[in-house]
Amino acid sequence: MGSGKKIMMADIPWPEYQKRVAEEVVLLPVGTTEQHGYHMPLGVDAYQVEFLAQEVAKKIDAIVAPTVWYGYKSQPHSGGGQLFPTTGLNAQTLILLVRDILTEFIRHGARKIVILDGHYENAMMLTEAVDLALRASGRDDVRIIKSSFVNMIDQELTETLWPDGFPGWDLEHAGLLETSLMLYIKPGVVDMNKALKVEANLPRYEVFPQYEGLVPASGALADPTRATAEYGKMLVENIVMNYVKSIEEAFQLG
Amino acid sequence: MGSGKKIMMADIPWPEYQKRVAEEVVLLPVGTTEQHGYHMPLGVDAYQVEFLAQEVAKKIDAIVAPTVWYGYKSQPHSGGGQLFPTTGLNAQTLILLVRDILTEFIRHGARKIVILDGHYENAMMLTEAVDLALRASGRDDVRIIKSSFVNMIDQELTETLWPDGFPGWDLEHAGLLETSLMLYIKPGVVDMNKALKVEANLPRYEVFPQYEGLVPASGALADPTRATAEYGKMLVENIVMNYVKSIEEAFQLG
Amino acid sequence: MGSGKKIMMADIPWPEYQKRVAEEVVLLPVGTTEQHGYHMPLGVDAYQVEFLAQEVAKKIDAIVAPTVWYGYKSQPHSGGGQLFPTTGLNAQTLILLVRDILTEFIRHGARKIVILDGHYENAMMLTEAVDLALRASGRDDVRIIKSSFVNMIDQELTETLWPDGFPGWDLEHAGLLETSLMLYIKPGVVDMNKALKVEANLPRYEVFPQYEGLVPASGALADPTRATAEYGKMLVENIVMNYVKSIEEAFQLG
Amino acid sequence: MGSGKKIMMADIPWPEYQKRVAEEVVLLPVGTTEQHGYHMPLGVDAYQVEFLAQEVAKKIDAIVAPTVWYGYKSQPHSGGGQLFPTTGLNAQTLILLVRDILTEFIRHGARKIVILDGHYENAMMLTEAVDLALRASGRDDVRIIKSSFVNMIDQELTETLWPDGFPGWDLEHAGLLETSLMLYIKPGVVDMNKALKVEANLPRYEVFPQYEGLVPASGALADPTRATAEYGKMLVENIVMNYVKSIEEAFQLG
Amino acid sequence: MGSGKKIMMADIPWPEYQKRVAEEVVLLPVGTTEQHGYHMPLGVDAYQVEFLAQEVAKKIDAIVAPTVWYGYKSQPHSGGGQLFPTTGLNAQTLILLVRDILTEFIRHGARKIVILDGHYENAMMLTEAVDLALRASGRDDVRIIKSSFVNMIDQELTETLWPDGFPGWDLEHAGLLETSLMLYIKPGVVDMNKALKVEANLPRYEVFPQYEGLVPASGALADPTRATAEYGKMLVENIVMNYVKSIEEAFQLG
Amino acid sequence: MGSGKKIMMADIPWPEYQKRVAEEVVLLPVGTTEQHGYHMPLGVDAYQVEFLAQEVAKKIDAIVAPTVWYGYKSQPHSGGGQLFPTTGLNAQTLILLVRDILTEFIRHGARKIVILDGHYENAMMLTEAVDLALRASGRDDVRIIKSSFVNMIDQELTETLWPDGFPGWDLEHAGLLETSLMLYIKPGVVDMNKALKVEANLPRYEVFPQYEGLVPASGALADPTRATAEYGKMLVENIVMNYVKSIEEAFQLG
């Protein structure tokens, strides 16, 4: 990446953006505004993907688009559910939002777009958004990567951090992963004194309407108490390395 | 279950239906019409959930609603993707379809509804459909269970059937699980001579547009060659048992 | 039609489907789940069109797509109305559903599609669905026939079966036509002991909201008591013959 | 009806409207802008229902709402089809438009609403619009009549005007009925020199896309040459009489 | 303009319309049905733009399309708000309505379309409608002008009519401008005895839900008492002149 | 405002948020990602309202919700139009997005919500969003203020800053106002060397499709060259003061 280049789309004037967007990778962070236990604030999902996108953009020629701060409705099995004061969009709303954003980037000239998803429940809505945007574009020279950042973590690291067995990314809500990341990225919003050792015990099916008592009272689904900033650093480095590798592979860069 | 009672909603005249729907469980099978390798036909997902719903209905007081035969767009990581001649609905279409169906069942008096999902990609759309139907109903005496039938398989059975390690349900598309089930449920549509030993090797991210060569040419993502009707029977029995248990638990029957 | 060929789309593996769909006629049965008097079950409309499609497919090269089991809201003048426990979709839902299905068949290569409609109230929604699918396809080599199966009955037969004057197809709900068809197609779900001689006496306008007492209490709008399986057979043969003739004419086959 | 009262909603100031709307009948004419042969202009459907509504309003306490001038897409079997320069809305558009209009009238206090439909293809979309408006209103004191004006013609008159047999209202597009009405209502826009004796010969199914030659080149589907203003007067009087009778019956007036 | 040519689309048979629409300008008046104080009726906005369109069509080769009589929800700052018995459509409804109308005109061959907007609140919805219609058309030979008729008034005339300072067009609701126009166009629906000297005093922000007392009780936002038919004539002449000039400029006519 | 309280919703854990949201004002900044001339970056509208919301929140008890970074399509008369690489959402998308966000805040307990709009073209979409959210809530204890921040500037200050006459807020795109604000708020993204003295000369109507040359090549519509950070400070102080005053007035605080 060139030194001194601005990486945030919001900070670039349009003539420079217009030139760069046709050549560089556009990174679109998508999070949500969702409870993350007693010990972390509502912005965790968005902060994480915005930070990761910035780190990736420091290593390749890329522009980081403004983060989507509102995502799909939280579910008990992956985010605690909508009984908490979480802000969840309707499916169609999120689909149209991301479809329109992608449609515009493509119109601007973007041909290499990466969605970094930080909220488990967004995944299929983003798939639909990408599909609709690509169909509407009528183009065959656009390639879009959609990714959940947790899939960028190598299994080796997973085994290191969860030596007693890994619970699955859906259940890692506000647990070791996210807490470690936030301790590294934005420690001022984490209060480890409020981090409780919890364990979610969820049925093999989903029940609607959601009800009190299904998930731990804190809203976290996994144990955050072992989290450290050091783990967060390891995770960030691993994720960023794999994003860079994946992007180079998928877009056949370099 | 009462002997001789009809279990298919389609076979019941309305006066009987009206009485029963207020008391019994309504089972809604949701599948899709999707490629399942060289050795199985397009109807696998729907056939499976329709059969399972019927088996469950033989054990509890329940009505099996007409199957939803068209589901969400197939994805490479779980169903081979839309390059195959698979029939995929737009997200909003599937959401509205299931929302409307549920809304009507609730209007008829149904208070205990179970969705049996046989197509991995449907999951979040069904979540949205349930949420919209419940909100619109304005009722608090309706309970809806949404389930993927694969989650009704006990881990012990999984370990028995996949002694060398289980690949995950998403990758089990047209593999041992589904092939065994179909050999048991409807063997006439399975041609084991065309079952190929395949292994999908998919990246940790998703790429759009989908492209040729990403998944095995047959469209299956996992090895179906070890499948047997006996395994299918074991799976059906395990799934049905767990459905019955789950339904009793969730609706506090009996 | 070739002997031994599978006719149900659900029973065909994708490689065979992909070859055949480009050459053969695709038949899409669309019914609904609607009350049909005291003497017939909820599935009548769908059973009829599915059966008729299968009979047609035995005579020409054709594939029968999975039946659409949920249709538009029942109306008093043609189906008894929504006060009965009938399952009616919103207009937009049915339109999008059939639009998406047609869009996918066209993408698979289908160029000759026939919609067999068994539910009077579906008609205009299917028109819209076809129009939207064709516009979106951007193709001019696709031809779609939309038909109500009752229009395939010759006037001669109508005069034979209703010697005292024919009430019109809308009012024939659960009357002589449908009861005869079901006695032939699936007699086990018809209970002629519960067939009542009724006559609907409807105003020349429609009133909303629908109210009790507007239609006969059984939900049938016409007299089913003269129905016989023999009439059903005559009707099926006449309808199938005219479908085959119409299809050959419209697609200029043979 | 009070003498001197304004009958057009557009001509009434809001304080008077607010008082009257809660007591009187609101008449909503819905037409379209559609070809009507060589001899009549595009506005026929709307002109007719607007005129009829005004005549009805002279006989009962009623307000005539602004006419809906754009309706659903013309079909070959009833209006010649969309190959003519007819202005047809999408189904969802017409549904939302009439739903919103009804919702507002109900909010204003209207409890007795009559839709006068002058375009055959609008019918089911209006049904959906009424259903959606009533559900959303959450009220049970609103009654809405939906009517096609042709159904207000007595059979006796039909037999008088079509002594050789009546073709059905769908086929009467730009034929004797509509031409006679326009000769009475607005003769300046009818040119009988261009009225051709035509006969439509349509298949028993519908074909999409619509194609040239399916309907008579003029766009009329039935013979207009016998039309006279006298017939038009007889039709208007009969229709208005039956509307008044129907409204009194349905709303239990007087 | 040729003498004797019909200018209202509703009055033209399709063969003439089809020829003219490809050459002439199509004028689409868009109003609403909205309170206009004690002294004017609900139809003011639509009457004005319909009249203006007709006057413009007398001076250039143009066709006046049927008026859109229902517009977007009235707002306190520009139309008194929705507490009055005003008929306001949802945004999406108005957008789809005008999008579909424009789409059809373009399909008919129209290449020069002018929207004359008479209701302040419609403006952005019309912008969206035009954008959607043009994108969907895929054409680059269509040009659409969207205009608020008040912007066609020269500043000199404004200064003449409001010598003490002009309040802004949004606040001119049912004030001097509209009252003068109606006194000239359709004096029979104006009652100057009920015209009150009012002054709206609105905050610099908008508050929802709207509440009683925010705007003058009559619903007018500005003083109509100085209005005269003579002013109305001056306004009409100025507006029509500027429309003609603008249309010639924008379409490079003559 | 309490010292030390976090003001950004993203930084607050849910238990604290849940308590505060029911008592405090929720401020929702809505901007867009839009060109702002050669001398300013794409994020101007969002940066401004986010900053202003934070300043307001320092003076009253308030929570600043995550900024909406994507707004409605830019128009030539107010933002240069969509020929620039500006990211504009469809109207329905923005409406649904803000409707859903408001619906969630209300569900969380928010009763006092203020929308701070920084993008002229968003205004009517936000109005619709608020209207839909309030109707759907069914509550009468929620009050929402919608405001364009430019309307919070006192006329006295306007006269001071534009001594030669004020062009109107729509035309102030990337001119003195926005440039001064950004020089104060985030000077690092302003390059005054690229600020050109421009003057937009736009017709009194809007033309679609938008075309090159209609607005100044830089995309700014007004002269930014006189901008200073000092002016920015004066503007911020004036706007914040008036926001505080307006909020206290509208919610009858203190």
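Which chain is which? They are A, B, C, D, E and F, in the order written, and residues in each are numbered from 1.
One rule holds for everything that comes next: contacts are C-beta pairs under 8 Å (C-beta built on N, C-alpha and C of every residue); 3 or more make two chains touch, one makes a residue touch a chain.
The shown structure was predicted, so the numbers you read here are calculated from the model rather than taken from an experiment.
*Asks:* So using the touch definition from the top, which pair is joined by more C-beta contacts, E-F or A-F?
*Replies:* Higher contact count goes to A-F.
*Asks:* For chain C versus chain D, what separation do you get between their C-alpha means, in angstrom?
*Replies:* It comes to 29 Å between the two C-alpha centres.
*Asks:* Which integer distance in Å separates the CA centroid of chain B from that of chain E?
*Replies:* Taking the mean C-alpha position of each chain, the two centres sit 55 Å apart.
*Asks:* In angstrom, rounded to a whole number, how far apart do the mean CA points of chain B and chain D lie?
*Replies:* Centres of chain B and chain D (C-alpha means) sit 47 Å apart.
*Asks:* Find every residue in chain B that makes contact with two or more other chains and list them.
*Replies:* Within chain B, residues 90, 92 contact more than one other chain.
*Asks:* Going by the defined touches, start at chain D, step to chain E, and keep going round the ring. Which chains appear, in sequence?
*Replies:* The ring, traversed starting at chain D in the chain E direction, is D, E, F, A, B, C.
*Asks:* With touch defined as at the start, can you tell me which chain A residues reach chain B in the complex?
*Replies:* Answer in residue numbers: 72-73, 75, 82, 90-92, 95, 121, 123-125, 127-128, 130-132, 134, 140, 143-147, 151-152, 203-209, 242, 246, 249-250.
*Asks:* Flag every residue of chain A that touches chain F in the complex, lowest number first.
*Replies:* 6, 8-15, 17-18, 21, 33, 35-43, 46-47, 65-70, 84-90, 92-93, 96-97, 99-101, 104-105, 107-109, 189, 191, 194, 219
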